[in-house]
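Read through the structure below, which is laid out as structure tokens, and then see the notes.
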Amino acid sequence: MGREVIKMVLEDEALELVAAVDPSAGPVDAGIFAGGKQTGVTVSSTLEEALSSSQSDVLVDFTVPQAAYNNTRTAIEYGVRPVIGTTGFTPEQITELDELCKQKGIGGLIAPNFSIGAILMMKFAAQAAKYMPHVEIIEYHGDQKLDAPSGTSIKTAELIAEARQELKQGNPAEEELIEGARGAYYNGFRIHSVRLPGVFAQQEVVFGGHGQTLKIRHDSYERAGYMPGVNVAVKKVMTYSGLIYGFEHIMD
Amino acid sequence: MGREVIKMVLEDEALELVAAVDPSAGPVDAGIFAGGKQTGVTVSSTLEEALSSSQSDVLVDFTVPQAAYNNTRTAIEYGVRPVIGTTGFTPEQITELDELCKQKGIGGLIAPNFSIGAILMMKFAAQAAKYMPHVEIIEYHGDQKLDAPSGTSIKTAELIAEARQELKQGNPAEEELIEGARGAYYNGFRIHSVRLPGVFAQQEVVFGGHGQTLKIRHDSYERAGYMPGVNVAVKKVMTYSGLIYGFEHIMD
Amino acid sequence: MGREVIKMVLEDEALELVAAVDPSAGPVDAGIFAGGKQTGVTVSSTLEEALSSSQSDVLVDFTVPQAAYNNTRTAIEYGVRPVIGTTGFTPEQITELDELCKQKGIGGLIAPNFSIGAILMMKFAAQAAKYMPHVEIIEYHGDQKLDAPSGTSIKTAELIAEARQELKQGNPAEEELIEGARGAYYNGFRIHSVRLPGVFAQQEVVFGGHGQTLKIRHDSYERAGYMPGVNVAVKKVMTYSGLIYGFEHIMD
Amino acid sequence: MGREVIKMVLEDEALELVAAVDPSAGPVDAGIFAGGKQTGVTVSSTLEEALSSSQSDVLVDFTVPQAAYNNTRTAIEYGVRPVIGTTGFTPEQITELDELCKQKGIGGLIAPNFSIGAILMMKFAAQAAKYMPHVEIIEYHGDQKLDAPSGTSIKTAELIAEARQELKQGNPAEEELIEGARGAYYNGFRIHSVRLPGVFAQQEVVFGGHGQTLKIRHDSYERAGYMPGVNVAVKKVMTYSGLIYGFEHIMD
């Protein structure tokens, strides 16, 4: 993920790479480290070294939950805005980090999901459900996935259920000739989980009304799909004060 | 349906309308009866009248099961090839009508489904299952439909199961967080039934393999979807002898 | 369209049919006129007759541009909120009708498009373009349509162009082996028009980004697709003062 | 590609890995070379070495055109069936290799495209065009692709044009408001090329008829998509004599 972030920064003329951290990389050029050209920025082995030797505006961190809290605190102490793609923060930690950000007058973001497409899909699904309350979700994942429905589809279903009027869809006298045909029941509507080899992650939210259907579909092909979201976050975090949790809250 | 057949014949220069039958229409021009222009052909009140007063090659019949057997016999006696879109024939009746056709040296067709798109979808699904055995079916119908899965999806599933090697798909340790998420189990794979207002009839057969998916999708918007199939049948029935049951058997 | 409105009102318990107008229908029951059951409401031959003999809250008008302005004025004079599905109003007329509404303290709505699904598609497309600026539009209509691209796709393209950063998509060295392959150029992106028999009106807006795509698709099967939008409008118009132009402006 | 072939062979119990060739790999175990477990088969540095030291039934070759002809000849001399995924053979070479195969009484296959899904899509498109002649193709590739339409879409269009009756689609009075909207014209129908980041290779062939549409869609996510086709070929090549060109000709 670190390499993807370096590449994203180097590809955007509005951004400048001033430091990079990897405890095990050694003193290599950050551009070379990311599989690209020489940049003049050497990878640091600790966060403190990176922050003290550069004039950073923003820190992007995709490490593990154990490290993320301390990294976030350290960044804020240096007046560097944290953009964190790690889960596992407690509500108390988030409140504390929010206060620290405000004291420094800087913004910050913690987000478990940076996939702009997936977040837009969920957002649009909730908006549409207000006007077209008849809806079903079909989600597709690889055939080795263990759980069904997927986490994203359940999250989408929750947002839909909050947004729409209460409604029990379908014919009350409906009958399943083969058990399970109508999918998983959630708050009046249905979720269907397709599992096939060759699929990474896809979801389709279908709304039906008089003589029309509206579909919102997100196809995800690989993990690099997070970078456009990180790009937005890095710019947005310069414009406010305090720590925000959840990428959807920095979207207009 | 009769009106649709008249329109279809009039729109195709390779075909000629020579007679039309409706017991209750009165002696009206057949083109006017179908909502179009004057044709010079008057609607007859009985089949015998129509057949005896014209040089017909083919009879198209979309009446009820009670009338269809007698109509088919009558047509064959006049040497007119029957194209019948009615169900309810017994195997004995079909054998008998086949022999009568052969004696006269003419072709005939009885087909419960003339929707070329739906038949092609089923045919392609069975062919693909030989090479890409991982498959799921998603079918969409209006929200007032009583049974799930649909008749067409079960028919498709049967054809797939016949064509492919035996295979139990998915992770054996798979778990449904909400019951029914993984759909209806059929011979190792799954069928999902979506029910939404605004939908008439749609079906998607999705095959997954290494790094790829193949989809075959049929969308049906209205009952007029039968006419292209009737058009093919009317021409094909001129080229063979005997009675064929099932539209798929006159396709190459 | 009048019949569809009557049916929609009768099907919603939150609404009550108190009058109906058709100059040529004669004094028939409005429910019978719409192909349903007796309602006790007789169709009036003029708008004044209908408004003076009933306690109407809202007037729904799908007449022609020539009649719509006068009908709207008349309704406002009676204190009845106009919901108008007709185009052809001048900006001066709209300003004047807005003032009349405000004087009476009532709401009103004029909207060229009441299809909620189509409006949501356009709205979501514009929102998504801010975050995923790489986009193309594919629209599908019947094969007899004369103009390409469709009006809806051009309107969608305008909204996208307003919302997103300036961007010329694709490889600058791109070459068309067959002219027209890359579609219609609009402000840096492309619109593709598919024309096929059997299609009524469909549109797909596809956004692409790192490792992902987002699709918003609207399928329209028939003209009855306007009624859910009229239903929303009839309720919403009770909650504000002044005349609003464009259905999207009464959506949250 | 060689690694992918080794993995495919090791995953299928019906197949056995008996040799592997790579001039630069050194004497490493073939399973380790492919990123998996020990197999007991050492990678050979030349084809002759591999063929003379093993009892091979089939050779799979994904090398370059310069090497493929000689490799194919060598395999046939050893009585080993060639399955070749390389282009650039001349018609004379193919005729000669076919005769050599027949002399040895063995089968062989040369195929420029082993993607089963793509081949099925083309095959089904041609079959459907006989019955539903109204068709358009929409193909999607990454935004840096130089040529439009894609090679696969042109190949598909050729197969459709051969299969269907001659037909110039669309309204003759049709007018493009923006040039190119109707796509690339090919033999009476249209091809549309969409270019977006995040897309690898997708194609949709859409057929329209009275009240229905039929879609055949192939989505390709990565190059590993060739292996299921190679698996089929390796088994099929055991069952006939002579050299076949084109994967579609070994499908039933």
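Every chain is named by a letter (A, B, C and D) in the order it is written, and numbering of its residues begins at 1.
The rule is short, and it goes like this: a contact is a pair of C-beta atoms (placed from the backbone, for glycine too) under 8 Å apart; a residue touches a chain by one contact, two chains touch by 3 or more.
Chain-to-protein mapping (UniProt): A, B, C, D = 4-hydroxy-tetrahydrodipicolinate reductase.
Computed from a prediction, not measured in an experiment: that's the story for all the values here.
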Report summary line: Greatest centre-to-centre gap (Cα means) from subunit B is with chain A
Requested in this report: Report which of B-C and B-D is connected by more C-beta pairs in contact.
Outcome: B-D
Query - Separation of mean Cα positions, subunit D and subunit B [Å, integer] - result: 34
Report summary line: Going by residue number, subunit D touches two or more other chains at 198, 207, 209-213, 221, 225
Query raised in the report: Can you name the residues of subunit D that touch subunit B in the complex?
Result: 115-118, 120-121, 123-124, 127-128, 130-132, 207, 209-228, 232, 251-252
Query raised in the report: Which residues, counting only subunit C, touch subunit B once they are in their complex?
Result: 198, 200, 221, 225
Query - Complex contact set, residues of subunit D against subunit C - result: 134-136, 138, 140, 143-149, 154, 169-171, 173-186, 190-199, 206-213
